[in-house]
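As written, the chain order gives the labels A, B and C, with residue 1 at the start of each chain.
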Amino acid sequence: MVKFIFRRLLVMIPQLFLLSLIIFVLAKQMPGDAVTGAFMGNPNVTPEQVEKIREQYGLNDPWYVQYGAWVGKAVKGDLGQSYTHKQPVTSLLAGRVANTITLSLFVLIVSYAVAIPLGILAGRWSDTWVDKLIVTYNYFSFATPLFVFALLMLFVFGFILGWFPTGGSVDIRIESGTFAQFMSKLHHLVLPGLSGALLATFGTIQYLRNDIIDTKLKDFVKTARSKGVPEGKVYTRHILRNSLLPIAAFLGYEITGLIGGSIFLEVIFSYPGLGQLFIQSITGRDFTVVTAIVMISGAAVIVGTMLSDVILSAIDPRIRIE
Amino acid sequence: MAETVLEIENLRTSFNIKGNYYAAVDGVSLTVHKNEVVAIVGESGCGKSALALSIIGLHNAKTTKLEGQVNLKGQNLLSLPVEKLNKIRGKDLGMIFQDPMTALNPLATVGRQIEEPMDYHMKLSKSAKKKRVLELLEQVGIKNGPRVYKQYPHELSGGMRQRIVIAISLACNPVMLIADEPTTALDVTIQAQIMDLMKELQRITDSGIILITHDLGVVAEMADRVAVMYAGEFVEIADVNTLFANPLHPYTRSLLSSIPSNMTDKEELHVIEGIVPSIQKLDRGGCRFAPRIPWISEDAHEDNPMLHEVEPGHFVRCTCYKDFHFPEERVEDENYVTT
Amino acid sequence: MSLLNVKDLQVHFPIRGGFFRRVVDQVRAVDGVNFELEPGETYGLVGESGCGKTTTGRAIIGLNKATGGEVLFNGENLATMNGHDRKKHIRDIQMIFQDPYSSLNGRKNVLNIIAEPLRNFERLSPKEELTRVQNMIERVGLSPESIYKYPHQFSGGQRQRIGIARALMLNPKLIIADEPVSALDVSVQAQVLNFMREIQKDFGLTYLFISHDLGVIKHICDRIGIMYKGRFVEEGTAEDVYTNPQHLYTKRLIAAIPEMDPVKRFEKMELREQINVAYRTEYDSYFDKDGRMFDLKPLTPTHSVAVHQGGM
């Protein structure tokens, strides 16, 4: 198992290297650079000054020289300077990463808390009114675009009812480290988190429902019934264990999906996370930040898929990783 | 005669197909005694598996209608609510399934799966259960019991898994066992081992066994009595020696002569004309085998044929057996309309 | 000259492992198999699952790559031929598969299924093609209008006939039948077996009949090769093998056939018990020091057994 994780991490290095190369080259291909983004339309800056700044930051070097310099610093933990925020990318990202992880975890937990019971109910009582109700909800959640639903939530619960804050991740007036601050963070999380979670349930519900319906007909379930196992135990001991397996294994991949989803959420709810920063950085041509965020997401995807494999091998005796 | 264990009376199992119920098991009566193996033999679609699942109550209640009686230890299993049936299944009534590759839960250890029926039917301590499992493993011929106890099904061969399935069915000393094609999915040498094992175990346990199979060889090796099933009905019931020495019903005779076995040499095998009728299109009033022996005159059959006891313990359905003979020449058999 | 001569055929599959997924071992699915088929005979390959009988059949027709040895068909070595040359020879070898339910494409009608080999090898006008298909479909005993039906509209036995009709379209010399009746009920199985014998005479076919069912093999085959762990343990006429089995494994296999006479069942059970005892004590003497089975040694002109030089 340790050997397996080690091997996967080792494989990750060339993957990340390739990813960074592609991102770097693509970023360079885009029109404009950090300087254009920072000074465009500013009449007080002359083209000569701009050129000087470019030279100073090494922006006129060939791309491979720039790339080499970037990699050299990156391995030491220095992801460069943000041109727009005028601070090291590393410190700029630190707080954002924490926020995004909090939001993603919140979405993940709430979506599973909703989806797993609903999936089980729908699967066990398939073709009853309970099932039909759940399936209907599921198709609604599948068909509704996130930005529409999120805006609606924001409008109703944020503006009209005023139950939840409409932006930010915490009330900055509250002293940090206190319980009140924790509650405030939670308060800020509810609206973006719920909006994300309620639409993230589709896959889990659908998969779980179908898998339970399939598993119900399997021979080993007949064996269980022929042993005189009570109906409830047939589900908890036999059917659910088998049907939840792929869901658990999917957890890792789910994480990768959340990274994409959080961009919308963070922008709509003005939640200071990676996604929001990502959009700002693209519009601001702040490529050091963009590259860093893509690298972090890429690493998260790779770790997520690895996590899936590890979880699966831990719970399914048929899969053993040496 | 030994004590009766299971008594099936006029069992009718009907499936809902597009709003109508059609009987797949159509009025079956059978008695199984202690220490007796009754084989139910027939080809696919004859209703033998539907019969097995009816006895143990594994049909989907929403789409299946069960009529008649299945009496075990003085209770009619068909009239019991599931909770009460669960007190009997796995305890007095065990089941052995066809495919050992799918009959075991892939995520539970062998030990857990054999212990499970004891959880519900026996008050045993944890260590007593384990002891019993190891005992059972030895009984079914598994040598390294303590190791297998901790293993998962995928780590074992098909033959080993079928031994586990048998151990599960025996866990609570059932008085009655239903074995649905227990050797069909296995290789010949493994099949022989499992057959010998079951004969051995039956001697020890004294339980009655209903053996569902399509293989007359398995019947000849294992059964005490045989019921030949065709289109939902028993067409012939006899003790095993009588059935093989003096088969009477046209279907039994046709079936026996279509097997390439030690008995037939290089000559042509007998072919049964036509196909097994679907339960929706079955003519239930007359002899159900009549369309497949068209060279036999219609007068030979009776209306609503009954089982006739032609000699003690030997029953044959319909009078047509008296006039039955094989056709001189094999008739081309593809002129019927396919559906 | 024999029609097919398989010499020291080997099919090995690599097992990969370790850090760089290197080949760490080989699965010797078929490990040095020799046999010959004379024109017009039916040769049975029999053994239990995993013995390599199916892989042998597939390697002859090129569905599995032979990693060693020769497959001489009419004197030409198919094993080393490239795809183009092989295609010219392969039309004389056709295969029939086990499951008539899944080996026919359900979305094609019978005409398209049966005409497919023709389209691969011959250029025919639609009219000629239709005539040939109609002739064949009548020959296999199906009604002419059934060429516009789909596989699901037929019974199992009829589907197997469609599979056979497809195999016969190019007038092959050799048919490799891989468990052709295993998925069928006995009465339908009888139908297909009778039919296969009938067309064998009419078309002058040679069969390589692969099956695990010893009853079927005995009924239809002239000569039989018994396989175990990728090698032959015994070869001979049906008579040789069934009435005078020499190798321990063959004896065990023959004894495993269910006894059709209920009166003799306990004799059979005892026979099996005796063989099991022998199996436990003598098993190792049937393998060389590397755990490999011996090569076949002739006992009589027709009968050979894999035993140590100089007998047992």
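Here, a contact is a pair of C-beta atoms (placed from the backbone, for glycine too) under 8 Å apart; a residue touches a chain by one contact, two chains touch by 3 or more.
The structure displayed is predicted, hence computed values, not measured ones.
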item	value
Most remote chain, CA-based centroid, reference being chain C	A
By number of C-beta contact pairs, the top two chains	B-C
Between chain C and chain B, distance of the C-alpha-averaged centres to the nearest whole Å	31
Chain A-chain B separation of Cα centroids, rounded to whole Å	55
Chain B contact footprint on chain A (complex, rising order)	218-220, 222-231, 237-238, 241-242, 245, 315-318
Complex interface listing, chain B residues touching chain A	56, 58, 82-83, 85-91, 93-95, 97, 99, 102-108, 113, 116-117, 120-121, 152, 154, 165, 168-169, 171
Chain B - residues contacting chain C, complex	43-44, 187-192, 195-196, 199, 214-223, 240-241, 244, 254-255, 258-264, 266, 268-272, 275, 330, 332-335, 338-339
Chain B partner contacts - residues on chain C that touch it in the complex	48-49, 141-143, 146, 149, 153-155, 158, 185-187, 189-191, 193-194, 197, 212-216, 218-220, 252-253, 255-263, 265, 268-269, 272-273
